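Structure incoming, see below.
For reference, chains read A, B, C and D in written order, and residue numbers begin at 1 within each chain.
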Amino acid sequence: MKDIKKIVVGIIGCGGRIGKIHTRNIIFNFPEVKVKYACDINIEEIKNWAYGLGITKVTKNHEELLKDDEVSSVFICSPTPTHVDYIIQAANAGKDIFCEKPIDLDPEKIKKALNVIKKNNVMLQVGFMKRFDKNFMKLKELINNGEVGSLYLIKITSRDPFFPPLEYLKASGGLFLDMTCHDFDLLRYLIGNEIEEVFAIGRVFKEPRLKDFNDFDTAVINLNFRNEVLGIIENSRGTNYGYDQRIELFGSRGCITVSNPRLSQISFSKEEKIVNENPYYWFIERYTDSYINEIKYFFEVIKNNKEPIVTGLDSLKALLIGLAAKRSAEENKPIKINYKI
Amino acid sequence: MKDIKKIVVGIIGCGGRIGKIHTRNIIFNFPEVKVKYACDINIEEIKNWAYGLGITKVTKNHEELLKDDEVSSVFICSPTPTHVDYIIQAANAGKDIFCEKPIDLDPEKIKKALNVIKKNNVMLQVGFMKRFDKNFMKLKELINNGEVGSLYLIKITSRDPFFPPLEYLKASGGLFLDMTCHDFDLLRYLIGNEIEEVFAIGRVFKEPRLKDFNDFDTAVINLNFRNEVLGIIENSRGTNYGYDQRIELFGSRGCITVSNPRLSQISFSKEEKIVNENPYYWFIERYTDSYINEIKYFFEVIKNNKEPIVTGLDSLKALLIGLAAKRSAEENKPIKINYKI
Amino acid sequence: MKDIKKIVVGIIGCGGRIGKIHTRNIIFNFPEVKVKYACDINIEEIKNWAYGLGITKVTKNHEELLKDDEVSSVFICSPTPTHVDYIIQAANAGKDIFCEKPIDLDPEKIKKALNVIKKNNVMLQVGFMKRFDKNFMKLKELINNGEVGSLYLIKITSRDPFFPPLEYLKASGGLFLDMTCHDFDLLRYLIGNEIEEVFAIGRVFKEPRLKDFNDFDTAVINLNFRNEVLGIIENSRGTNYGYDQRIELFGSRGCITVSNPRLSQISFSKEEKIVNENPYYWFIERYTDSYINEIKYFFEVIKNNKEPIVTGLDSLKALLIGLAAKRSAEENKPIKINYKI
Amino acid sequence: MKDIKKIVVGIIGCGGRIGKIHTRNIIFNFPEVKVKYACDINIEEIKNWAYGLGITKVTKNHEELLKDDEVSSVFICSPTPTHVDYIIQAANAGKDIFCEKPIDLDPEKIKKALNVIKKNNVMLQVGFMKRFDKNFMKLKELINNGEVGSLYLIKITSRDPFFPPLEYLKASGGLFLDMTCHDFDLLRYLIGNEIEEVFAIGRVFKEPRLKDFNDFDTAVINLNFRNEVLGIIENSRGTNYGYDQRIELFGSRGCITVSNPRLSQISFSKEEKIVNENPYYWFIERYTDSYINEIKYFFEVIKNNKEPIVTGLDSLKALLIGLAAKRSAEENKPIKINYKI
C-alpha cells in the first residue's frame, strides 16, 4: 500500500440513504479526514445537501475524482450493478476502496474485480457493518478468548421490521443474496471457519407475488462449518415488533445470548401486564455505531498498512454461500459450497 | 422441651383463610403429622371442610383439644384479640404453639404471654412466613456468607394488590402494625441487628375515610440499625399491577435485587411494545411455599429441640417498632424504639 | 368408558425414579384417589418405601393387581421394553392406563397395543408431561386465542444438564427417539398440525464412543408442518449451565419467547458483572408441577369420560417422526414421515 | 432576547473535563455553530487541544471574548467559585449563558447573578444534563400524558462508581450540594412540583476522614412535595459495580422502573450462574447523549426566543433544598425549605 499523508475521500453514489450516511459519518466523526468530492449521476439532487456539509466539489463524473491525485480513497455507494466497474476504475487509479455490499450478484465479475484490486495493490473493504456492532464485537472477543470453550452451535435471528417494495425485491437477487448474505458473513467471521454445506427452507407467508420470481419472505438456513460447528439462520422480511437481530452461541463452557438493545430501559408494570419498549426500529438506528466503527476501521487500516478483516473475498464467499442456499431451497436438499470458481 | 414421639396437632380458628391454609399444608405435606382437631366457634361452618380432609374431631371448644394429651402442638389462627388468651392456655397445657401474627397490638399483653411460654418451657413460633420465602432465604445466605461485604442499605418494597375493606382496616391497628410489621421483622432478620430509630411518613392517597381513624394507605419508613445500616420500607395498600414484594440490598461488595417472581416466563414482542406477565396476584400465591416452609421448620424445631428463629420476642419487637413508626408519622420526627417495656 | 365410582390405582414399576414420582404425586395431591398396589419385580427394594407411604399391597406380580376389580387404573412406569405387554394385559383387564413414554421403539408393536386399547374401550394417556407445563400451557392458550396471528416459525431449545451413562444411551433408541420425541410431541400439540417432513443433522461433540452405535449428543432438526409452519429443534445431551428448555414462536402478530424459570429472582451486581441464578437443574425440578398436572388431567378425563389430549397415537406419531429424523441424519437429506404403517 | 443571526460561542474554562466535552460536542454535532474562543487561565495547557479542533482564538483573558460583538453565547465551565462573577460580566456584555452546575454554594450570590441576568434580558441555562437523558425524557413524557395516573412516590437511586479524592470533596460543598443537587433538580422537574420539606440521614461508610469536615459518603433523603407526592433519594459516593442511576415511579395507574443501560446486551449462562454486563462506568459514558441534548436545547431556545426549562432559578432551588438536607442530617429532623431568600 501507498504512503498516505492525509486521507482525502471521494464519495461515488450519494443519491441513496447509505451514501449520505457514510458522508455524514466521515465529516462529523473524522475531522482529520477530508471529503473532497460528492459524485452522483443525479447531480442536481445532491448539490444542496453536499454544499450544506461543506463539500466543495460536487460532480456527476466519477472520473473527475479518480483523476485527482489528492484523493486517496473512494467510497462506492451506488447501486449494486455499478460496483464492479467503479471498483476496477478506482483500483486502476490507485485508490483505496470502501464498497457497499454486495459487490455483485455474479461471482465471476467479483473475481475479476478482486484481481484488479490485487494487481494494483490497493485495499478493498466491503460494508458488512454488522461485524462492527458493539455487541457482536464483544461476542467475537469472548469466542477468541476461549470463554465459550469448544463451539457447538450458533444461531442468528435476523428479521426486518417491514416488508420492502416489490420493485426492490425483484432487483435484489432474492432473500439469500440480499438479506442472508449479512448473516453468512457474520457467522463466518464469528466462528472463524468456513461454511461447507447449507440446507435452506424458504416460505412465502407475507406476499404471494414473491412466488412469481421464486423468492421467499421467511427462511430457515442450516449450516455446517468445516470444524463441525452447526449454524442456524432465521430470516424474515417483516415483523410487527421492530428490527430483530439476535445471536445465540452454545459451547462447552456455556451459552451466550445477544439480545436486542431496546429503545429505553423503561419497564412499566400496569394492569394485567408489564410493558417494556421495543427494539430499535431498523438498521439505521440499530447499527448507527457500526457504520461509524467500520469507517474508523477503514481509516486505521489505511494509516497502518494493515490487512482489513473484511475484504472482497469475504463478499465473494457470502455470495457463493447465498447461491448454494438458493439452490438448496429450490431442490430441497443440502448443497455443498463450491469455493473454487 | 418435651420428648415428642409423634406430632399431633390441633388447629384453633379454622373459619378464616389462614387456618385453612395451614391445615391443608400440614395434611398434604407432612403425612407423618396428624391433625386431630379442628376447632372454631362457628363449628357448623367448618364441619364439612374438616371431615372432607379426614379430620375426625371437630369442635367449638378449644379446651377439648388442650386437655387431650395426645395433642402435642397447637396452631392458633383465630382473630388477633384472642391470641394471647389461647397462647396462655395452650402453654399452660404444655403444648408447643404456632401463632399467627400479630400476637397482639398491646406490648404488655404479649409480654405476659411470653412469660407464660417461658415458665412452661414450651415453644412459640410466630407466623412471619416471609422469612421462609425461597428468595429471601437465599438473600440471607448471601449476607451470612459475607458475599455482600459490609452492609450499607436495605430497602423493602411491599405493596398489596388491592385496597382492603374499611371494616378490616379499622380493627387492624393501622398500616404500621398490620402491614409494615412483616417488613420490620424481615429486615431485622436479614440484617441480623436491631432497629434503633424510625422515621415514618404516611399518606392517604386512595381512601379519604382513612383519615377518620388516623390511618394511611401509603408510607415511607426510614430505619436506623444499631450497626448503622440504613433501612427503607415502602408500603402501599393497593397497586393496579399485582402484589409487589421486592428487596434491594447495597453493600461494599455489590448490590442485590430480589425481583417479583412472575406468573410465567413468557415475553411477547408485539406492535409497539414487549409484554411480560405480571407478578403473582397476592400473598397466597406468592408465599405458597413459605407457608409450607415455616411449618416444616416448626416441626423440625420440635423434633430436634432447637430454638426457633422466629419467636414471640420477634413479634413483640416488630410491634414496638410499629408503634414508634406510628408516633413518628403523627409527630413528624424520628423516634427511638424503646425495647425496655 | 366405564362408570367410575372411586379411582383406585396400581403402580407397575416402582423401582425407578419416575414410578416413585407418580406414586408420591398421587398420594400427596389427590387424597380422593387410592393407591392400592405397588408392583415391581424387585419387590424387596420397594417394600419399605411403599409401606412408608401407606400402600398396603406390595407385590412383584402385576397379575395380582390386574385381577383386582377394585383397581380402576394402572400406571405403567417399568422399563420401555415391557410397556406394550403390560398395556395389552391391563387393557384386557379393563383398566384405564397411564403409560410412561415411549410406549415402544417399534411402531408395529405400538399399533398392536393401540388396537387392544380400542377393542377394550379403555383410556390410555402417555407421559408427555411437557404439554402440562405452566408456561407451555399459557403459550398454547395464546396460540388458540389467535394472539400470535398466523404462525410462521416455532423453535424449541431442549438441552439436558449432563451427559447420561453410556449404558443408558445404548438402550435408549438414540437421541431422536429418546430425547427429541418429547419435542416432536410438544410441537405437534402447540401448532395443532402434523409434521410432514424432517431434516436432521447430528453431531458427536461430547463423547466419541457414541459413534460406535450411530448416536449423537447434539442435533438440529428442521420440521415442515402440513400448514407450512417451520419448526426447529435444538437438542444437546449436556450443558454446563443446567437444564435448558425454551420455546420461541414467531407469527404475524408478534414473537413470543418462553424463557427458563430461574432458581431465584436474585440479581447480584458485582465487580465487573451482574450475576443471576441459573435455571432449574433438571426435569424433576423444572417439570415438578407438570407431573402433577398430567395426573390431575388423567383423573379428570376418567371422571368426565373425556378423550385425553395425549394418547397412544401421539406417542406413535412422535416415534415415526423420530425414526424419520434418524434416517435423515444418516442419509443427509430431508425425509417425509410415513404415517400409514 | 436579541435577534440572533448566527450563534458564535466562547468557552470560558477549558482546562477541565466538562469544558472539553462541551467544546467537542458543539464542534462535532452543531456545525452551524461557530466556537470562536477557547479561554482558560492556564492557556498553555489548552493551546494544542484548541488549535487541533480548529479554534482560532485561544486566550487567557475572558474579557477579550466578552468584548467581541460576534460572540453571542458564552459557556462557563470554570471552577464553581468563579461562576457568579463570569455570569455577571457575560450578562452585562449581553451574552446568552450556559453555566455548569452549581452556580454557587451561596444562595445570596446566585440571587445577585440572577438579578443581573434579568436586567440584561439574556438567557441562562444551567448544566443539569440529567433532565436530557433519553430514559428520563421518556419518563417525563409518560407522566405528562397521564399514563401513570396520580403520582404517589418517586425514588432515585444515584450512586457514583468510585470514591473521589478527598481534596475534591473538601471543596465540593458536601454530598447534598455536590451530588444530590442533580437529583433534587431531576425530581422537581419530573414531578412538576416544589419540594416542601426534606429529611436526610447521612452515613460515613467508606472514608472515616469525611467526618472531619462533616460530610457523608452515603445518604437517604426523604422529600415531601407540595402536592403530597413522596420522594426518596439514595446516594453513595462509590459502588464496586459501576455507575448506578435508576428511577422508580409509583402511581395510581402503575409503576415505572428505569433501569441502568448496560455495556452490552450479552447474557452468558455458565456453570453456576448467568452473567450480564455491568452498567456504564460513569457519567461521561452514561450521559453522553444528555450532554449533546442539553446543548441542542440551548441553541434551540436561543433561536426560537423560548424560555429554557432549566434556569438559574432551578439551580438556586436545588441549592436551597441541599442546604436544608444538610441541616436535616445534622439536626436529625425534617426541615422545611425556605424559598424566600
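Here, a residue touches a chain if its C-beta (ideal position, glycine included) is under 8 Å from a C-beta of that chain, and two chains touch if they have at least 3 such contacts.
The structure displayed is predicted, hence computed values, not measured ones.
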Review point. Within the chain touch network, how many edges lie on the shortest path between chain B and chain C?
Key: 1
Practice item. Give the chain pair, either B-D or A-B, that is connected by more C-beta contacts. Key: B-D
**Study point:** Chain whose Cα centroid lies at the greatest distance from that of chain A
**Key:** B
Check your understanding: How many Å are there between the centre of chain A and the centre of chain B, using C-alpha atoms for each centre?
Key -> 59
Practice item. Quick one: report the Å distance separating chain A from chain D, using the average Cα coordinate of each chain. Key: 40
Check your understanding: What whole-Å value do you get for the distance between chain B and chain D if each is reduced to the mean of its CA atoms?
Key -> 44
Review point. When you check chain B against every other chain, which residues touch at least two of them?
Key: 239-241, 244, 253-255, 269-271, 277
**Study point:** In the complex with chain C, residue positions of chain B that touch it
**Key:** 27-29, 31, 53-54, 134-135, 138-139, 142, 147, 253-261, 264-271, 277
Review point. Hey, which residues of chain B end up touching chain D in the complex?
Key: 150, 152-153, 155, 159, 199, 201, 203, 205-206, 218, 220, 222, 224, 228, 230, 232, 234, 236, 239-241, 244, 250, 252-255, 332-334
Point to revise | chain C to chain D touching residues, read off their complex | key: 239-242, 244, 262, 269-279
